[in-house]
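Two complexes, one shared chain (subunit A), two partners (subunit B, subunit C).
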Partner chain A sequence: MNDVLVIGAGLSGLVAAWQAVENGRSVRVVAKGWGITHWHAGCIDVLGYYPLDNPEPVVALETAVSRLATEHPQHPYALIRLDNLQTAIEAFKALCATANYPLHGSLTRNWLLPSALGTFRPTCLAPATMIAGDLTDNTPMLIVGFSRWLDFAPALVADNLTHQGIQATHVTLDLPSLRQRKIVTALTIANLMETPAFRAELVNALKPYLSKAGRIGFPAVLGYTQATAVHQTLQKELGRPVFEIPTLPPSIPGMRLHHILLHTIRQKGGMVLEGLEATAATTQNGRITGLYTSAATRHRLHHAHHFILATGGILGGGITTNYTGEITETIFNLPLSTPVNRQSWFRRDFLDPQGHPIYQTGVRVNQQLQPLNENGQPIYENLQAIGTILANWEPIRERSLEGVALATGFIAGRGKTVTSHKTQTTSTSN
Partner chain B sequence: MRDQPIWKARTEPTTTPHQPAELTLDQCIKCNICVTACPVTAVTDLFPGPKYEAPQGGRFRQETQPSTDHSIDYCSGCRVCNMVCPTGVRIAEINARVRAHMVKTGQIKGRARLRNNLLARPETLGKLGQPLAPLTNLLLHNTLGRWFAHKLLGIAPHAALPHFASHKFSSWFRKHTPLSMVTRKVVYFHGCATEYYEPRVGKAAVHVLEANGFEVLVPPQNCCGLPLLSNGEFQAAHTYHEKNIHHLVKYIRQGYVIVGTSTSCTLTLKEEAPELLDNFSPEARLLAENTYDLSEFLLLLWETGDLNTENLRPLPLTLPYHPPCQYRAHRLGIPSLELLQLIPELQIQLSQAACCGVAGTYGYKQEKYEIAMRVGEPLFQFVRHSRAPLVLCDSETCRWQITRATGLPAIHPIELLAAAYGFPAEEPLRTVLATYANNQVAVELH
Partner chain C sequence: MRTYQTEVLVIGGGATGTGVAYDLAQRGFKTILVEKRDLTHGTTGRYHGLLHSGGRYVVKDPKAATECIEENRILRRIMPHCLEDTGGFFVTTPWDDPDFGDRFMEACQATGVPCEEISVAQMLREEPLLNPKISRCFRVPDAAADSFLATQCVAEAARQYGAEVLIYHEVIRVIREGDRVIGVVCHDLVKDEEVSILADMVVNASGAWAGKIAHMVGLEVSVMPGKGVMVAANHRVVNTVVNRCKMPSDGDIIVPVHTVAVIGTTDQRVADPEHFAIERWEIDLMLEEGDKLVPGFRQMRMLRAWAGVRPLYQETKVADTRDVTRAYTLLDHETRDGVMGFITITGGKWTTFRQMAQVTADRVCEKLGVERPCRTHEEPLPALFESDRHTANGYHYLGARLTDIESHKSYGDLVCECELATRAVVEQAIRDGNAHTLDDIRRDVRLGMGPCQGGFCTYRVTGLLHLWRQTPVTESNVALRDFLQERWKGLKPVLWGAQLKQERLDEFIYLSVLNADHLPGEKASRLGPVMYEEEVNNE
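Let's turn to the complex of A and B:
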């Protein structure tokens, strides 16, 4: 029997599994499929906007997170506490550095990086491949795209940045290596970038446009498993700082983090099984005793000592809704903090600055991340919930998705309670 | 006190109304995760990627519209896309049904269709080829024979055709004297590969089942029909499926379950045949719900304390194991690995490769052979780097492909388990165990 069964292989689930194997616990992860790791920007956004009605991005992160935790005592950050967030961030940086894919940043200050729309993207940790795009620096930039690949529009990025006072121009390259292909995807280019021949072709095609550009922005396809080497080589060959801008899914920077986590978990003996959708559970005396996953014609029952629920929110599939207004947690039928009725799910305007109540739906937990019943008592002694299934926060509007996923996954995987945080050291940052 | 299932536990096999695979395309959110995971797309742009085929092409699949499916025949059917899809689109099944439509409407025809029909009938080939084994092996495995197969039929000259066995599994079984300690009973589905090419796998399965107190029955049975399904020959596949239902359901009604060692056969009986052929008769369901992969079955016994593990001898070997894509598609995790971990002192190196490339009959086709070899390359590298004397893999065509590419012999995990129970191993495992035993003696003498 495994020590830990993690349900879901998004960022929080994989972080939990990684921390569990790091702490000597045996782990199995079951997941319906891949998800957020292939969609998100590959950065760790901790808190981009606070208070939410303030359009200015957060700069001093630590102060903002502390203030949020004080003003919203039910927010995941308030439950897990700042020092645990700090520890999780340092451990994750150490993991990625060991994998030769360093992440830069800290709780001291947010980066301000460009998005694929040319908007400002506040984030706490960004890979080395992205940080030269920081918009607090006004070095003129050239944004590069590829004519055979439609998922990135350099003109859109450059024009929007220009409107916001950033000096940006753009160019779209028509490279023979891409032209001869029937189809070009993000992964096609990322893999080609790892070959010297393609990089030489790219550098040659780009040279005539370099004159005024102090730095060069590419879509985030500069290599997959060799990204650091590709990035450094391009900087050298172009003689300028080079940075990546996250793209539409599939997100290569997200996949790099996925690859690092998966590789580490498996190397340390954890099992990650995709294609296994959790459907139900067995319980006994206030404990979860088993989890069913659907298989061909039947279900498989998995036993474990501890269960970690990381199935995501409405987008991830951990919470589902129907047209009559029922909102349900899909496996354990946990109580949800839910808007009263169907009419109050949404506000009138799509982009209402207050956000939509439905997006705060989630599982209420205590400091140990145990789901709570209506009386505030833990429902199952050996169940924890992490990531976007949690209630009382808004990952998208706050720009805090990865920060909460990382910190809650870290604590649940480590398997020690929050109250003992003072004795914790960063065992993984060796 | 027994475990209490909570509110929505569906512990019984599902009997929900069947939803055709095509309806799941509406769940596609175009996230492209399948495109990043597809092992075929990774090596050729003749196949643009799962998303572009099943769900995206699906929106244009109308009677009055021109076909968008020129590239869909390059889908190998490995189901990796299904396994990574976060929204539950049954991509591989949609592709298989589109291919069947192409066959039906004459878009796959002539020599290719003839070739596909030949490759897709292992039972017929076995019935014709096995009795004359030395001669047929000579014909199939010499350069001239392969040249003709290549030129006349488009069968790749270097693809890993198997050798007919000197005897059929069922002939061995008829002469076999079972162990006397019988407490339970089970039907063994051997599949074409065990019957005509690798009877040793079936013998190992029978030995392990008997060592656990099972009476094993091997009633008449037919090809599961998977090769026909993956070549779009649905009508012929349907005939085989009905025959197997006819042969096997009467045993299920007597309380037997069906266990098999060929992962793709058991997956076909469980899910693929009913789903692709829309065959959800009560009998088809009964067969589906009572068919088990042998490792799955043994692991279930172990979980209830009913597996004999006391007699398992230590096998101090380190061996690579590749769980085939068809095995992972059972969505059970990796039962064979969990079972192998019960053998004392055995160390398993687990392959993380997506697919060996051959995907049943895919890699035998001249136009797909190179793709199949490139798809399998990460697995081949893993196997070569292991420096092991042999490889473990549950699926027969994968074993042949791995051996073809790496030169390393490959066996079914059940063969190793049978050896751990002390049953005499056959080649290639026998030599490996003998070499190991000799080394041990040498070490001890030293």
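Let's turn to the complex of A and C:
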């Protein structure tokens, strides 16, 4: 029997599993599929906008997170201590550095990096492959795209940056190696980037455009498992700083983080099983005793001492809804905190800065991340919930998804009891 | 002020107005058509998608039934590439009066609508998902029709005969000289300037807006907007149009339209043709009624909902909008009100638009004192896409696009994977078309109309638009934001289950990854979508 069974292999689930193996616990992860790592920007966003109606990005992160925790005592950041977030970030940086894919940044200050629309993306941790895109720096940039691939629009990036005061030009390369392919995806280019021949073709094609550019921006496809080497070689060959810009999914930089986590968990004896959908649990005396999964026609029962629920919210599939307005946590049928009725699920505008109330739906937990019943008592003593399944926050509007996933995954995986006294970041009055 | 001079000016770029402009141009009149947004912005772009056999009206409105079957035959001849010959069933479910079937059969005979009763076993062989408790089934020649494509084809035909089509030109004033209407003043929404158009004759073909236009002339024309809500399921659950065999009521037809199946409609009187809500009970009712025809329907993933307004003309007040005749109305304001140079055509159905155009053009000839025969029933409409020339079910049908893509090996060049819109057709729409917004491109090439509702293609098409248009980047930015909002508009009423999950993913892409909510420039443009009203929350 395993010490820990993690349900879900998104960022929070994999972080929990990694921390569990690091702390000598035996782990099994069961997951229907992969999670946010294949979609996101490949950065750790901790808090990008706060308060939500403030269009200016957060700069001083630590202060903003503390303020948020004070002002929103139900927010996941209010439940975990700031120093846990800090420790999680440092540990994750160390992990990636060891894997030769260093991340840069800290809680002191957000980066502002270009998006694939040429907007300024605030983020806490960014891979070394991205940070030369720093928008507080004025060095003129050249944005490079590929004519066979529409998932990155260099003119849009450059023109929006220029509009906002960053000198940027753009070029779209029509490379023979891409032209002869029937289908070009992010992964196609990332894999080609790891071959010297393709890089030579790229560098040669780029040479005529380099003159004024002090740095060169590419879509985030500069290699998959060899990204650091590809990045460094390109910098050398182009004689200028090079940076990646995250673009439409599938996310290559996200897949790199996924790869690092998965590799580490497996190397340390953890087991990650994908293609298994968790369907139900067995319980006894306030404890979870087993978890059923199904794959094709086969059902399986997994036992463990401890269970970690990391199935994601509405986006991840851990919470489902139906036409009658019912909202359900899919495995344990945990009580959910949710807006009252279907008419109040949404606001008028898609991009409303406050977000849509339905997405605040989630599992309410205590500081130990244990799901709570209506009376505020833990439902199962050996169950924790982490990541986007948690209630009362708007990860997408705040740009806090990875920060919460990392911190809560870290705490749950480590398994040490979290001190229950209130900290300076949580409000005592409610 | 920019000024145009023409013989006939037609107001309204729906099926009717476009049809009138085509007919007139074909008869040799110098014609201008103005539409305040894109073609099919009105009811024509928000209808159910059914080429009526007339079956629906045989009992209640025999005149309308006869008009429908006549036009049904003609449209099959002149625009086969805009239709899909699905055939239609009228079925008696356990909720319907079992005796209605006999009345239905008799009425079909009386009105000339071909009808044949088939066995329930045969019906289930053809449509296995239909409710096995259905007791009778009648086959009629209904079909599915693509009004976006059809209207584009008619407009193209009008252009080929020399007509000028001005979209994003909203009539804001009518110029009147004594007893005569001599032209209109339009607001050009794209250039944000006023344009005057002088004409010998003005045809008001503005559908549910006809009363508003007449009002600008100082005339009282009462057009009662009757709102109808439709919901598209993400699955083509039937290949045949399926009607309930009963007096027309809410949610009694499912139409297979391209890759989806559409259930409709409701019928609610609204105050204004542009401002109304899609209400929750309407969605719930559609799901419930859909479930009666196809058990399990309400559990399926719903793609989108929309609503259109029926232009129902009335001289007196009537309570239930469905009791007003659906046959169309031609108002000669010279004889009715003593105002010359102005006629109104309104009411009717999409199915009868050509006939409505014909009688309108006949009246214009009469007014202008010339005799020129109608030929629209004889001449096939032009094809807009290469594939339309080869197959009856043309470009707008997924199968035809797939064939195109496979023969050109262009599967690596898709802008929209859901609807198989290739880079070539999207670029063609941007370069040569009249598209001003991403939504116009959508109507032209079906971009963003599949399950992900623009999740991936919105970014890609914005990139292409920016590349080809060479306009200031803030215009591309607002085009992207307008389109995201436009897709949201129709998603919002049906967001639950898998579609809600999908929408959250689209949010994640556009906010977390692309930070589109912080793009520089305007948040919405005047070309952006007109949102449905918010429903009053009274739970």
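The criterion applied here is as follows: the second predicted complex is superposed on the first by the 417 of 430 C-alpha atoms of A that agree within 3 Å, B and C clash if a C-alpha of one lies under 4 Å from a C-alpha of the other, contacts with A are read in each partner's own complex, and residues count from 1 in each chain.
Heads up, the rule we're going with is that a residue touches a chain if its C-beta (ideal position, glycine included) is under 8 Å from a C-beta of that chain, and two chains touch if they have at least 3 such contacts.
Keep in mind that this is a model prediction, so the values were computed, not measured.
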| item | value |
| --- | --- |
| Which superposed partner A:Q164 touches (first subunit B, second subunit C, both, neither) | second |
| First (subunit B), second (subunit C), both or neither touched by A:L276 | first |
| Which superposed partner A:I183 touches (first subunit B, second subunit C, both, neither) | both |
| Dominant contact partner of subunit A by residue count, subunit C or subunit B | C |
| Partner chain in contact with A:P250 - subunit B first, subunit C second, else both or neither | first |
| Partner chain in contact with A:H40 - subunit B first, subunit C second, else both or neither | second |
| Touching partner for A:Q284 - first (subunit B), second (subunit C), both, neither | first |
| Contacts of A:Y209 with subunit B and subunit C, given as first, second, both or neither | neither |
| Partner chain in contact with A:G317 - subunit B first, subunit C second, else both or neither | both |
| Footprint overlap on subunit A, where subunit B in one structure and subunit C in the other make contact | 39, 181-183, 249, 317 |
| Contacting residues of subunit C [partner subunit A, same complex] | 280, 283-284, 287, 298-299, 302, 409, 411-412, 415, 423, 456, 459-460, 462-464, 466-467, 472-474, 476-477, 480-481, 484-485, 487-488, 492, 495-497, 500-501, 504-505, 507-520, 523, 531, 534-535, 537, 539 |
| Touching residues on subunit A, where the partner in the complex is subunit B | 28, 30, 32-35, 38-39, 181-183, 185-188, 191, 249-250, 255, 266, 271, 273-277, 279-284, 289-290, 292-301, 316-317, 332-333 |
| Of subunit B, residues touching subunit A in the complex | 1, 3-11, 13-14, 31-33, 35-37, 41-42, 45-46, 48-49, 52, 82-88, 267, 270-271, 288-289, 291, 303, 328-334, 350, 352 |
| Subunit A to subunit C touching residues, read off their complex | 36, 39-41, 45, 55, 57, 115-121, 148, 150-153, 155-156, 159-160, 162-164, 181-184, 246-249, 251, 313-315, 317, 320-323, 325, 340-346, 348-351, 353, 358-359, 396-397, 399, 401 |
